[in-house]
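Two complexes, one shared chain (chain A), two partners (chain B, chain C).
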Partner chain A sequence: MSSGRLHSPALIAVSLLVPLALVALTMAVGANGTPALQGTVTTILCNLIIVLGLQVFIGNSGVYSFGQLGFASAGAYVAALLTLPATFAALQTPALPHLVASAQLGPLLSTLIAAAACGVLAAVVGLPLMRTSTLAIPISTFAFLIVIYNVLANWDRISGGSSGLVSIPRTTGIASAGLWAGAAVVAALAFKWSARGYRLQATREDEVAARSLGIGVTRERLIAFALSGVLCGIGGALAAHQSGVLIPTTFYFGATVTTVTMLVVGGARSVFGAVLGTITVSTVNEVLRNVEGGAHLLGVVSVGRTPGLAAIGVGLILLATMIAMPDGLTGGREAGGLSRGPRLRAMRPILGSTTNGAVEPARAEPAGGSALCAEGVSVAFGGLRVLRGVDLTLRRGEALGLIGPNGAGKTTLVNVLSGFLTPDTGAVSLDGVDVGGRSPARLARAGLTRTFQAALPFPHLSVLESVAVGAMGVGVGRRQAVAVATGVLDRLGMREQAASRAGSLPPASQRLLGVARALATGPRYLLLDEPAAGLSEIEGEELVAILRGVLEDFGCGVLLIEHEMSVVMSLCPQVQVIDDGVTLRVGSPAEVQADPAVVEAYLGSSYLAAASA
Partner chain B sequence: MTELVQNLIDAVALGSLYALIALGVTVIYTVMGMMNFAHGEFIMLSAYALYVLAGLPFAVAVGGALVTGVLIAIAAERVAFRPVRKADLSAQLVTSLAVATILQNIVMGAVDARPKSVATPGFISESTQLGGVSVPNLEFLTLGLTAVVLACLGWLLYRTRAGLAMRAAAENFEMARLLGVQADRVIALSFAVSGALAAAVGVLLVMQTGQVSPTMGLTPVLVGFVAVTIGGFGRMFGAVLGGLLLGVIASLLGAYLPESLLPFRDAFVFSLPVAILIVRPHGLLGAATGEARV
Partner chain C sequence: MLELRGVKVAYGGVEVVHGVDLGLAAGEVVGMIGPNGAGKSSVLRAVCGLARPSSGEVVFEGRVLNGMAPERIARLGLALVPEGRHVFKSLTVAENLRMGMRRNGNGAAALERTLERFPILRTRAGEHADRLSGGEQQQLAIARALLGQPRLLILDEPSLGLAPKTIDLIYELLTGLREEGTTMLLVEQNAARTIDFCDRCLVLGAGRVRVEGRREELEGDSDLLHTYLGGQP
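Entry: the complex of A and B
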């Protein structure tokens, strides 16, 4: 049975082995080289671990942090202080606690302690920072980098101050750096393909949609930030033990630009990209560095001393990449996905037999009443009163249509029900429990999910991944999530498209995908905000036909928002009409159509004319 | 009492300098949604104009710095930022980081990595006695220049057609374009304004320290970023407020921190945004509804 997999074994194998082979190749180049080349290669491998650390956070979250080199710096100092010979320690860091100064640990133990320390530091620093916005994170993490630098440069009696530390045991060689780098590749891929990794990638692809699926953005970012801190700490620790000297500027502004360039050049979204980018940029950097000191190119052209050349080169590479190739050399794909193009048709076998029953909501029936209720909900934007005391009751297993002309307040009501908007007055309860003020993510985990008027796809994830993220978002494990997603896709007739990138689907399929994603959360209540909006009439009718078949199976309460009267009438036994922020009528489609107030306010004379024709 | 007044004047002077930096950053952000790392290099290059034009009368050199700041900013926009105008803010930020690295290292290679001293007019290093308080003339100059710049910016934004176009673009760029505002021209103008602000800061920094160095822009640009973050993105007034606040706090920390903690002043200053963002995740004046609209 092949279900339970998001990727074919071949893709996994290639995606793992190609970057590992690149690491091995790099090691081999160094192992047979001069001592200088060996040192260079070891440094590249240490940088690779740091860049993989950047990939874990930046690549999966899509949010730039410029503070990760601060963790490399911290890791380097921790590891150095733990291993410094006692005589040198007494000289360079007189105030160091005796326990640390006399520790003189081995390379492995000191690296592990540095990794743990950086993980804790990143978690503590990230706790406030990850709460802020996508734009504030790069800036506040940069501020963190300065804080770390400032402390290290001035805490003379512990860190050795601006002159730094010397005589650190040089225990990192090609072999140890390469092994750690290989482990980092595996760790970064394992994280990317874990349920956590997918939840984080979903926030990168579309933050709002991710929240609607139960994903807590702050929490997922924080976990990756801490893991990234661990990897950066390891890279820093190994680098300190490679060079034997350490100053506060070793991992500062310049190193930040260089490592970010490495990540971006390869393609930040992919681990393969991190490896490829590190090797490419390091090579260019190394060549330019040799020229910088004055060199003969090809034995003919003589170049004088040109300080700053390597850094200018790195800057130009970064600039050219951002302008001409923002997805990097790999286009953000893993090695296993490169040759197949965006549609990945050859991967189809991942979908095995239908997993019957997997799509049913896993939750037990709650004890309280089983309905989603809104009472007296009012919302005003400035002076504009969009909702004025609206009540709504959606019972489990019932389909309720919500109709009204444009601007009636339908979407605002859905935003209130799904937790995206806090009403000025009024209460919302879920199965008898007051859920006012709960976040969309918490509501999704409690069984209330919504879709949006726009499809909001996760463009870089496959269809199967997109739907599986829905289940992962509410806490379903990775394997089970894939089974759920497979079942949902089968039921919606999207099995053929499972391996396509979500961003490559036609609009109608993206719309259906949004519904599939929401269904995968196993909702007890599902709010569909104009699922047919923007589709052609035929596409809309097809969508409605699919929905009609599906909604009964899933047994959830469905609130269908539409301004196309016919869609609602054909799907919903019960209809609520709102206009100008108040409820006009609740009743069967026939009753609603017969109500003169509804006809006047919403349907208009043209509808009457059409109906009687 | 005298000491307190003295310290407060110092604090406000530093705060105005920081406000000028923050304004330069925020002008670009409001119009094209980009946080520009290279703003520090605009400052640095303007300062180097003073170094290069050292033999000329100081006023001429200052004019040269102003022209340099404006031209560099416009050139950077044309070459590097226009191609990524439609990219997301992370991509734009990284692009500006690349531009900053390139400019900084060109100066490092072309001039020198080490700081160079620049002679400034004598009266700048003198002080004026005001009722027992001795105020350095440079602080008068900083306060006066900030007031003039704010007045000019206010005039430009609220009294001219170009300013109206800039404000419209800041509100809703696409809509402004549809209504006939020429995107290229508005953005170029914003960069020119930003470059002029950078030049003012560069000149003040040279007067303060008497030297230039290739990395002199790094701390100012981060000060500007942090100030904008504190104040709330995309708000001119927020930027001024954030800059003032940051400068006042930095200055007072310098005056009142115990001797043993003084070297860590920057650590305290740059931890400030974290402290503020814990309480207000979208800055002091940032909209509470800063979350993505549904």
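Entry: the complex of A and C
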């Protein structure tokens, strides 16, 4: 992998050209076929645009929406009403405003207006819906689908009611549908590989970790939801102009199930999957539909009428895919990434490879104060008082060790400092500014980043992508984010693993990746929750060397929660011991280790014996 | 009791364990140590049925475990205390323990014995497991595994994320189990402690067994260990 890029030019080219070639092939098959086949192929291409719309939201966010066909429906009606011949409009939609009824726009303009209208509609609908939880979005979007259907079915004088609209100009052909589909492929890939797309994918991979990197989950989802609405609206508009008739159930339950199936069968995470899934499912569906009416297979076997065969066939494909290939036919990879990933290497010794290149922090240093302070922080869970008036000061350029027994409240304190938890009483200030109640994402953008005890990797992103997302989360552009990520990986001796999937690393390397990801945000304060857990003694020493380099190069303040005493004692000139929710002692490693209360509460007598031996 | 013959493990076509042999007799305590990424956890996954060996055999008391579902393997008497503990966080301590009890076992007596061994669990029986500290959760995870009356106890990094004093406590408890003759397979990062605790240790590196030896052979051979635990094969 060359530096400065997330993907090689070859990978980008293949990922773009293979789905486009599939679209072109589909067009070619249709163009040379019977009129019936031409119609079928045009419908497939319209569906493809809708499935790509689903991919933009579902694939990148990992959250299922069952409401996107509502936007296809809206787009279809907007485009139809704008193009209906005046005489038919007067008959079918008597209450339609004159301006619309007499518009009789051309296909391109009506499609563009439908797209814009659906984008606005999705943004407005998404505003409340995207605030709901990951589990609630599928249900709330489904409710939206039902609302749209009922509006269209009952608003007779505008929509034509349940009998729908006829005599819509049939202007969509294979060429126009194919061109729009090609554009949708490019748009979906461009979005996926943009900084915005990566931020959304990070929320799919791990919501908590994404927030810790400055990524606003609601905002990123909303943007993708609106873009998805645009694509679905285009697909709906083109489809209405292909069939010439439109009823409220055209894009309802059936179409929702079919398009989601296409996406899942192909592999939701990839644009290639959306294309492959649409073509595969459509082909099987068409073949079986021809058999439904009775057919002679290979001229030998005679099949009688078998209504429902196509639906059963598509259902079976979905089942088989879910069982055998849960990530879809493409495994969620783009066409350029289908070959096996690079071989996984054991973690390299880190000391030898940290000499090259200073790392460019993602952000310039702001003026003003220079400490992260907590004062009198108290937290209770139910009746259990976890923290009771803890003070803590972390200065820039310094390392502070935070130790204490399991359950003493260390992680709770980090949760308070990083905005994941609001304390019952007490204040947190960042460089002299009170930051109580700020979200983790806002704090990350203000220069305070943390890692987690559990590594919380982004399993489907590469190591390089994972780290670059850290910089993107705080608003760094894509290109510079990659440069920052490459520098951080070099610094941490992880460059060889840049192309590996984060999920394939052993747990301790994933924890180190969490440190890399946090560093890419250009933090002024870095809170590390047990980064050395699971490392051998020697690997722990290597981690100390890395963190020492981080202190020098980045000048950030490091708060280190760690049970591996050799790591804490050799890195931190100051150590704060908390026990049972209160500070037991703050002092140098020597002072802390000599304190009988600390030995009693935390270190234990065998540690003392080993240390003096 | 447990025998691994040339076990290889691969994930998505990438082989991470390249043929590991291991024998474990009843009553024996064997440790696996090695740098991060050496394949220790993958070997455990293969034993417990969480990963299917791409070649080789895992044999437990004469039965080949390859391809057997993890729950069936557990019913044969292999209990895994997983890395990161994995207690049922929204259930109480008592409910967690009930989950570990065998349907046909002598439940009440086993529970009583376990609570004697882990008195803190009796004290906190009614509390939700996520309220326990890391050390208490680790005790709960071990207790839950013991209630299934396993013939082989497998522990994956029991000291991970624990305070030094708490690690001492966990090892005191494990020493008690060892003295009662519990057969154990242990994966740990802390080499010195593992070598001291186990009858025999395997040092893994890059998916292979690099060194194998009894306690007295490995203890004090700091050069050898430094070579193999330094992270570079």
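The rule is simple: the second predicted complex is superposed on the first by the 567 of 613 C-alpha atoms of A that agree within 3 Å, B and C clash if a C-alpha of one lies under 4 Å from a C-alpha of the other, contacts with A are read in each partner's own complex, and residues count from 1 in each chain.
One rule holds in what follows: a residue touches a chain if its C-beta (ideal position, glycine included) is under 8 Å from a C-beta of that chain, and two chains touch if they have at least 3 such contacts.
In this text, all values refer to a predicted model and were calculated from it rather than measured experimentally.
Engineer: Have a look at where A:322 lands relative to chain B and chain C in the superposition and call it first, second, both or neither.
Structural biologist: In the superposition, A:322 touches chain B alone.
Engineer: Pick one for A:537: touches chain B only (first), chain C only (second), both, or neither.
Structural biologist: The second partner, chain C, only.
Engineer: After superposition on the shared chain, which partner residues are touched by A:407: those of chain B (first), chain C (second), both, or neither?
Structural biologist: Only chain C is touched by A:407; chain B is not.
Engineer: According to the stated criteria, A:509 is in contact with first (chain B), second (chain C), both, or neither; which is it?
Structural biologist: Once the two structures are laid over each other on A, A:509 reaches chain C alone.
Engineer: For A:257, using the defined touch cut-off, is the partner it touches chain B, chain C, both, or neither? Pick first, second, both or neither.
Structural biologist: A:257 contacts chain B only, not chain C.
Engineer: Under the definition above, what is the set of chain C residues touching chain A in their complex?
Structural biologist: Listed in rising order, the residues are 11-14, 16, 33-38, 41, 83-84, 131-136, 157, 160-166, 168, 189-191, 205-206, 226, 229-233.
Engineer: Sort out for me which residues of chain A touch chain C in the complex.
Structural biologist: 340-341, 343-349, 381, 384, 403-408, 453-454, 504-509, 530, 533-539, 542, 563, 565, 601-604, 606-607
Engineer: Given the complex with chain A, which residues does chain B contribute to the contact?
Structural biologist: 35, 80, 83-84, 87, 89-91, 93-95, 97-102, 104-106, 108-109, 113, 215, 218-219, 222, 225-226, 228-229, 233, 263-264, 266-267, 270-271, 273-274, 277-278, 281-283, 290, 292, 294
Engineer: Please name which positions on chain A make contact with chain B in the complex.
Structural biologist: Residues 62-64, 125, 128-129, 131-136, 138-140, 142-144, 146-147, 150-151, 154-155, 207-208, 253, 257, 260-261, 264, 306-309, 311-312, 314-316, 318-319, 322-323, 326, 411, 415, 420-421, 452 of chain A touch chain B in their complex.
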